[in-house]
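Each of the next two complexes has subunit A plus one more chain, namely subunit B in the first and subunit C in the second.
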Partner chain A sequence: MSELQIVVCGGIVPDPLQTLAPQMGPTGPALKNEMMLPAVLDPWAWHSLNEAANLAKKNPGSKVTLVSLGPKAKLQQVMMTMAQKVPFELVALDGPASGFTESAEVAALLAEAIEGIPGLDKSKLLVFGGWESASRGAGTTMQVVGEILGIADQFLAVDQIDVQADGSFKVYERVEGGKHQVSVCAGAPAVLGWATGNLPEPPNNPQIGMMNMRTIMPSLQKAKPTQVKSEGLKFASVEQPQQRRDTKIVKDMPADQIAAEIVEWIRK
Partner chain B sequence: MDLDIVCVGFGPAMGGFLTTLSKGLVNEDGTPAVDSKVMPGMPPQVICYERADDLGFGVSGVVTRGRAIKGSFPELNLDEIPMAAPVKEEQLLYLMDPIGASRRPLSMRLADGTLKALKWMLPVKDHAFKVPYIPAFMEKHDGFLASLGQFNQWVGGQLMASGAVQIWPGTPVEKPLIENGAVTGVQLIDQGVDKKGEPDAGFMPGMEIKAPLTVIADGPIGPVGRQIDEALGMPEGHHHHDWAVGMKMVIDLPETCELEVGTVIHTLGFPEPEIFGFLYVYPGKVASAGIFVPSWFDNPVRSTYRYLQHWLQHPALWKHLKGGTMRSWGAKTIQESGRRGEPHLVGNGFARIGEGSGSTNVLTNSGVDEAWMTGVQLADGVLELMKEGKEFTKENLEATYVKRRRESWLEEESRMAEKARDGFQRSFLRGMIGMAMSGFTKGKMNMSGDGRSPYQRVPTPEEYYKGRISPDGIANLRADCQKAGKSLHDELMNRVGWPEIEYDGQILMSHQDALLKGGKVQAPGGYADHVVFLYPSECEKCGTQVCVEICSGQAITTNPDGGVPLFDREKCVHCGACLWNCATHDPANPEKGGIQFKAGAGGLHSAEN
Partner chain C sequence: MSKVLVLLHSEQDGSLAKSGLEAVGAAKSLAEGLGGSLVVGVFGGEIASAANAVAGCGAEKILGVAGADFAASRYATDAAAAEAIAKAAGADYIVAPGTMRMNRVLAGVAYRLGGRVDSHVTGLAVEGGAPVVNRWYYRQRMMGRVQRDVRPWVIAIDPGAFAPLTGTEGTASIENVAVALADGSKRTSVEGIVAPAADAQTIRPDADLLFVAGAGWTKKQADGQSHVKEAEETILGFVKGAGASLGSSKSLVDQSGEGEAVLSFLTHLNQVGQTGATPRHPKGLASCCHGEEPHAVGWRFITERRAINLDANCGWAQGKADVLYVADAFAVMKKVNELLTS
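Now for the complex of A and B:
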C-alpha cells in the first residue's frame, strides 16, 4: 500500500471505570457530575487510533489526523496522555461529548472538520473511528460521516484488516456467534468503524510526545467552538441499571471453581 | 531528550510554579520573554512528568486560607471549580467515646466525665463537645474549601490552555540524574519489565531527560526527592520523623442532611485520642470526610481504614452522614515534620518545592497554599535568572528562590510551627498544651518531645495490649491470621471492644469494595513492583508488621508461609504508609526503613478526591 491519509474520529468519554449515574437535568438527560469525572479517549476510538498509527508506520509517508469533538478543557487533558502513545496531528472541536446527543449532528460536524483538513486527498483517505462509543452505543456516527463525505465503502465492527501489496485490504467484521465476515476492499477511500484490535497498548514514549505536542498545543488553542442542538430529539426517561455488588478478590482459583461460585451467587 | 526545565510531580506546588512561570514566559505584547537554550528560536521547553494516570488524581479535601493561590488568581471565581466553596462556618468538636473501646488516658476520662456531668450547661450533644473557641492561628474563615483533585484539574486546564508548558500524566520518574554533585535531569521509569524489573515483552528503557534545571515537587514519598535526600543528606538537625496517613471519602450526603455549603468540622478525641478528623461540605450536597493517623499514635495495628469507619459512625457525624453514599475514597501520606523536615532546597541544577520541601504547617493545619507559595517563589526566582541569562547554580538559586522563601510569611509561620507538635510525641495532653503554647506565643514557647523514628516508637502488639489481651491470646490470633493471610488489626480491635463494622453497602463497606468502588485502582502491566522489602531477614524477625496493618489498600498482606509480607501492585494506592511505618530499619542507616518505595504506575483513579 502506498501513502495514506488516515483520519481518526475519536471522542472523549468519562472514564468507564468511574460510577456513571445518569440523571435528568434541566436540558435533558446527563451524567451526574460528568465534568468532575476523569476523561479518556473512547476505548473504541483508541483501538482505531492505535491501528491507524500502526498502518501509517507500515506505509511511509502516511499521516494520521485525529478529529475530536469534546469540551476543550477535557480534550486538553486527554491529549496530554494520548500524545505520548502514537504519532498524530489533532483537529480539535470544542463542544459537548455527552452521549445524549444526536449522532447525525455530531457526524456532520466531524465530516465538516475532515473536509477542512488542509491538503485533504480523498483518493488516499481512510476514515477510522469507533464502531460504537462508550457513551452512546448506537453505532451510527461513522456511517453518517461516510455518507456525508460520499464514501461508499464502509465497514463496521472491524476487528482486523490485512493489507495486500496492491493496496487492497481484507476486512474482518464481527458477526453473530463470535465469527467474522471477511470482505476485500479495493483500497481508499473507505470508512472503518473499529470494534477492537489486536495491537498491544503502546508504552508512553517521550519523543513521540514531544513531536506531537508541537502541533497539538496550537490545535487546542484554536479549537473551533461548535453547537450540538439535538433538536427534535427527545429522551423519555433515564435510569441506572440495577446493580448488585458482592466483591471477592481471589488469586490462583481454578476457573471451574470461580464459575461454580458465580452460578451459586446468581441462583441466590 | 533535552529540555529547558524538567519538572517532577503535578500537585499544588507545581501548580504554583507552572502558573507563575507560564505567565512570565510571555511579554505583555505576546512576544516570548525568554528563549529556549536547548531549542534556539523556540520558547523555553518546560515539561512536567506526573506519575498518576491523569492530573488531579491526588487525595485530599482541603480547607485553606488560600492567600498564595488568590495571589496567583486575583479574580478567582470558585464557581468555576467543581467542589469548591468559601468557608462559611468552622466547628471544632471534641468527640467523646460512645463505645468505650477508645484507649483514653486518665486526663481524658476525667474530661469526658466532667463534660457529661455538665452537659445541661455546656454545648454537649451526641457525645461531642463543641469547642466554643477556635484559636486565630487555626481559623480559615477567610478561605475556601475544595477537592484537591478538582482544583488540580482546573489549574492543569488553565496551564495547558496557555500553551506555555506541558504536563504529561502517566509518566513516573525513576530517579534524578546526578553528575559531579549536580542534578542534570531525570530518568523515566522502565516500561515492559516484569515484577522484578527485568526486561520483558515490549521493553522500553526509561529515557533520560536532560535539563539545566530540574524542579522536584514529588511530595513526601516521591522517589526523586528521596534519592536526592539520600545523595546529599539532610541539613544538620533536620529529619523526617513526623508523619500521618490521611484517609478520606467523598460522600453524597443524604437529602435530609442540613449541613450548609462551606461548613468545616474539625474533630479530635475519637476513635483514639491521637486521631484527628475533618468534614468539609461542598456545593451539591457533597462532603469530604476523613481522618489522620499520625506517627505518634503508638499502636502497632494502626489500621486507618477501620478507624475511619468507626469515626464516621460517631453520633455527632453519623447523624449527618447516615443514608449518604460514598463516591470516592483514597489515602495519602502527609509529611508533618514541617520546616524541621526541610531538605536541601536547592543545589546545582535542581530546586525542591512543595510538601517534600518541608512546607507543610502542622500548627495551622495547612499545606496546600504553602506548597503553592513555594512554587510561586521558585518561578519568580527562575524567571529572574532566565531573563538575566544566569545559570541554575546552587548559588544563583539560593539568591533568588531561597531568599524569597526565607523573607516571606511562609518562613515566618513555619518557624512558629516548627516545634508545635513535639508534645504529642510524649502524650495527647502534652501535645494539646504544646500546640496551644506554640500558637499563642508564636513559637517562642513549646512543649518538648522526642523526635524518634517510627521504628523506635512502635511497640509490639504484646506491649500495646498488655493487660487487655494475654500474650498467648495474641500468639493464637497471630497464628490464625497468618494461616488465613489476614492482617491482625481486626481481630485485636474486636477483642478489646470495638464493634464489628456492619456494612450498609453505601458508606460502610469492605476495604476491597472501598478500593474498587471508591478508589478505582489501576496498575498497568509492564512495570516493576515499586514496594520492595530490602532486608528479608529483618522482616522474618519482625513480629509487628505495621506495613501489613496500616496498608491503605490491603496491598501488603501477611504471608501465610511466614516471613516477608506479600505485595500486590494492583491494590496499592501509593500512599506510602508502609515506607515510614516500617518497624525495621537498615542497620547501617537507621534513618532508612526496611521498605523501598520506588517510582511506580497505577494507584488511585479518581479526580474528585
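Now for the complex of A and C:
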C-alpha cells in the first residue's frame, strides 16, 4: 500500500436551502446578508474530503489536510460540524468565500498554502477538491492549483479512484451522457476534482471530533489574512431571474385524462 | 484589430460535435461584433473531417494538432496542444465548447497564457466595443454579466446555449502546429469509456424530454406498502417509450447509501439540482418529486415544465412548474405508458 499526502481544497458556501439574493457593493457584487447566512462546506469539496479520508484509511500512514479559504468566523462555524465527520488537519486562510471572486487568484492562494504545508512531499501528493463549487460553479480553480504546483496529471469530475499497491491508480471521470472515462495514472502527484463519488455520508463521530479540534482550533487562530482583488474582472450586472411561473394547478382530473394531456404535450 | 480563436477538439471518430459548431457560431459573431478576425484551432487524433466541417466559416486560417498522442482526452497532452495552438494564433479571445474534455484543460491553459477564463457561458455579446458574457452564479440562482480587461480571455460556452453554425463544410487546408510534449506527459493512459448496459442507459442529453423521478416512487403509498418493482417498470417503460432522459432527485439516489429500497438503474449521474446536473431539454416532467429549491435550480435550462405530485402545496406549485397535476403518479404514468405503446 502507498503512503499518500492528500490535500483537499474546499471552500464554504451558503446553505443551499437559504434564499440568496445579490447586491452590488463598492468592490463588486456580493450576497445580501452574506455574513448572516449559515454556511456549509461546499458539497463537491465535501465529497472529495470524504473520499480523501477513505483513501487515507485504506493506505496506512497517509495524511489528509484540508485547505480552506473563507471568512475566519464562518470557517470556524463550518469546521465545528466537519470535524465530527472524518479525520483531517486544517490549513485555514482568512478571506472571501464569495462566488464572485476570481478563481485564478483563489487558486494562487491555495497553491501557496499547499507549498507551505510542513513536510510536503510532492511524490506522495494528491490534490483533491470539488470539480465545481456551489458558489462560482466554474470548475476552474483546481487546474490552476495544479499548474502552479507543476502537476500535469489532472482529472475532473471524478467519481472513483482505485489505488494499486505500486502507487499507480485508476480513475473514473464523468463524461457526457452518463458515462465515465477510465484512465490509469502512474502515481502521485496528481490533481483530482471530484464529482459525487460513491461513499455514503459518514455518521458523526465525537472521538474524531475531539481529535480534529486539537489541531483545527490553533489552525483557525493563525489563519492567514488574504485578499482576492479580482483584478480585471468587472460585473456589468448580477440579477436574479424572473423565477415565478404562473403555475396552473390541475386538481380532481381523472388519471386517464391527465395521461392523455401529458401524451399530447410530449408529442407536440 | 481583435483576433478571436475558436478552439475545438475532434471526437474519437474524427468528426466535430454539435457543441463545436455552436462554439464556431459564437466565435464568429464575436469576431464580427468586434470587427476582428477569426482563427480556427483543432486538436485530436484525426482532425481532417472536423476541420472540413468548418472550412467555410470565414476563418483566416485553420491551425491543427493531430496524432495518436492527442487522440484521447488527457490533461497533459490536451493542455499542451491547446497552449501551442493558442500561442500560434496569438488571439485576444479564445472561444471553446464547454465539453468535459475542454473544461478539464481550459483553466490551466488560460493560466499558461497569462489570461483568464470564464466557463459555463450562456450568452455572449459586444457592447460599446467590448465583449460581455453571461454566466450563472450560485448554481443557477443568479445571472452575472461579466467583462474583463485581461487578455487572452478564454470563454467556454455551455453546450446547447448557442445556435450551431451550419453550411460551412468544405475542404480545409490545415496549418500544423508543432507541440513539444514535456517529459511525463504520458504518465496517464486512457483505457476507454465505461457506459451502463444499453438497456440501462438512461441519460440522453439530446432528448426532447427530461423525466425526473423523486423519492416518492419508493415511499409507502395509500395502501401502506411501497411498490418499488412497479415503480421501476413504470419509470423505465416511460423513459424507453418516450425516448426521454431520466433525471432524479438527490433523495432518491442517496437512498442506496442509506440502505433503503432503491431503483437499481439510478446513480448520482442522474441527479438533477444544486449538487447534480443542470441539463438542457425543451420539456421536463417531474414525478413524485417535491420540487424543493436545491432540486429546482437544476431545472434552469428546462423550458416547459410539468409535474405530478399528490401534494397540491409542493414546491412545483410555488411558481416552479407551468402545470402541476395533483394526482397519483403511479396511476397517471401507467396510463401514459399504455397510450405511448398503443
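Note that the second predicted complex is superposed on the first by the 243 of 268 C-alpha atoms of A that agree within 3 Å, B and C clash if a C-alpha of one lies under 4 Å from a C-alpha of the other, contacts with A are read in each partner's own complex, and residues count from 1 in each chain.
Please note the rule applied: contacts are C-beta pairs under 8 Å (C-beta built on N, C-alpha and C of every residue); 3 or more make two chains touch, one makes a residue touch a chain.
Just so you know, these numbers come straight off a predicted model, no measurement behind them.
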Overlay on subunit A: subunit C relative to subunit B, clash or fit: fit
Touched partner set for A:E201, first subunit B, second subunit C, both or neither: both
Subunit A-centred angle between subunit C and subunit B, computed on Cα centres after superposition, in steps of 10 °: 110
Subunit B versus subunit C as contact partner of A:P118, first or second or both or neither: neither
Subunit B or subunit C, by number of subunit A residues touched: C
Subunit B versus subunit C as contact partner of A:P60, first or second or both or neither: neither
Contacts of A:K179 with subunit B and subunit C, given as first, second, both or neither: second
Which superposed partner A:P26 touches (first subunit B, second subunit C, both, neither): neither
Subunit B versus subunit C - smallest C-alpha distance in the overlay, whole Å: 6
Overlapping contact positions on subunit A, where the subunit C interface meets the subunit B interface: 17, 19, 200-201, 245, 247-249
Residues on subunit C engaged by subunit A in the complex (per definition of touch): 73-76, 79, 99-101, 103-108, 110-112, 116-120, 127, 132, 135-150, 182, 184-185, 187-196, 201-205, 208-209, 242, 254, 257-258, 267-271, 274-276, 283, 285, 292-294, 300, 304-306, 308, 312, 316-328, 331-333, 335-336, 338-340
Subunit B-facing residues of subunit A, complex: 15, 17-19, 33, 35-38, 72-73, 76-77, 80-81, 83-84, 200-201, 203-207, 209-210, 213, 217-218, 220-221, 245, 247-249
Interfacial residue positions of subunit A with respect to subunit C in the complex: 13-14, 16-17, 19-22, 29, 31, 43-44, 99-100, 102-104, 107, 134-144, 146-148, 152-157, 159, 170, 172-187, 195-196, 198-201, 231-241, 243-253, 255-256, 258-260, 262-263, 265-266
Residue ranges of subunit B in contact with subunit A within the complex: 1, 47, 53-57, 82-83, 150, 153, 156-157, 160-161, 163, 166-171, 188, 191-192, 201-202, 204, 207, 209, 284, 327, 505, 510, 512-513, 516-517, 520, 522, 524, 526, 605-608
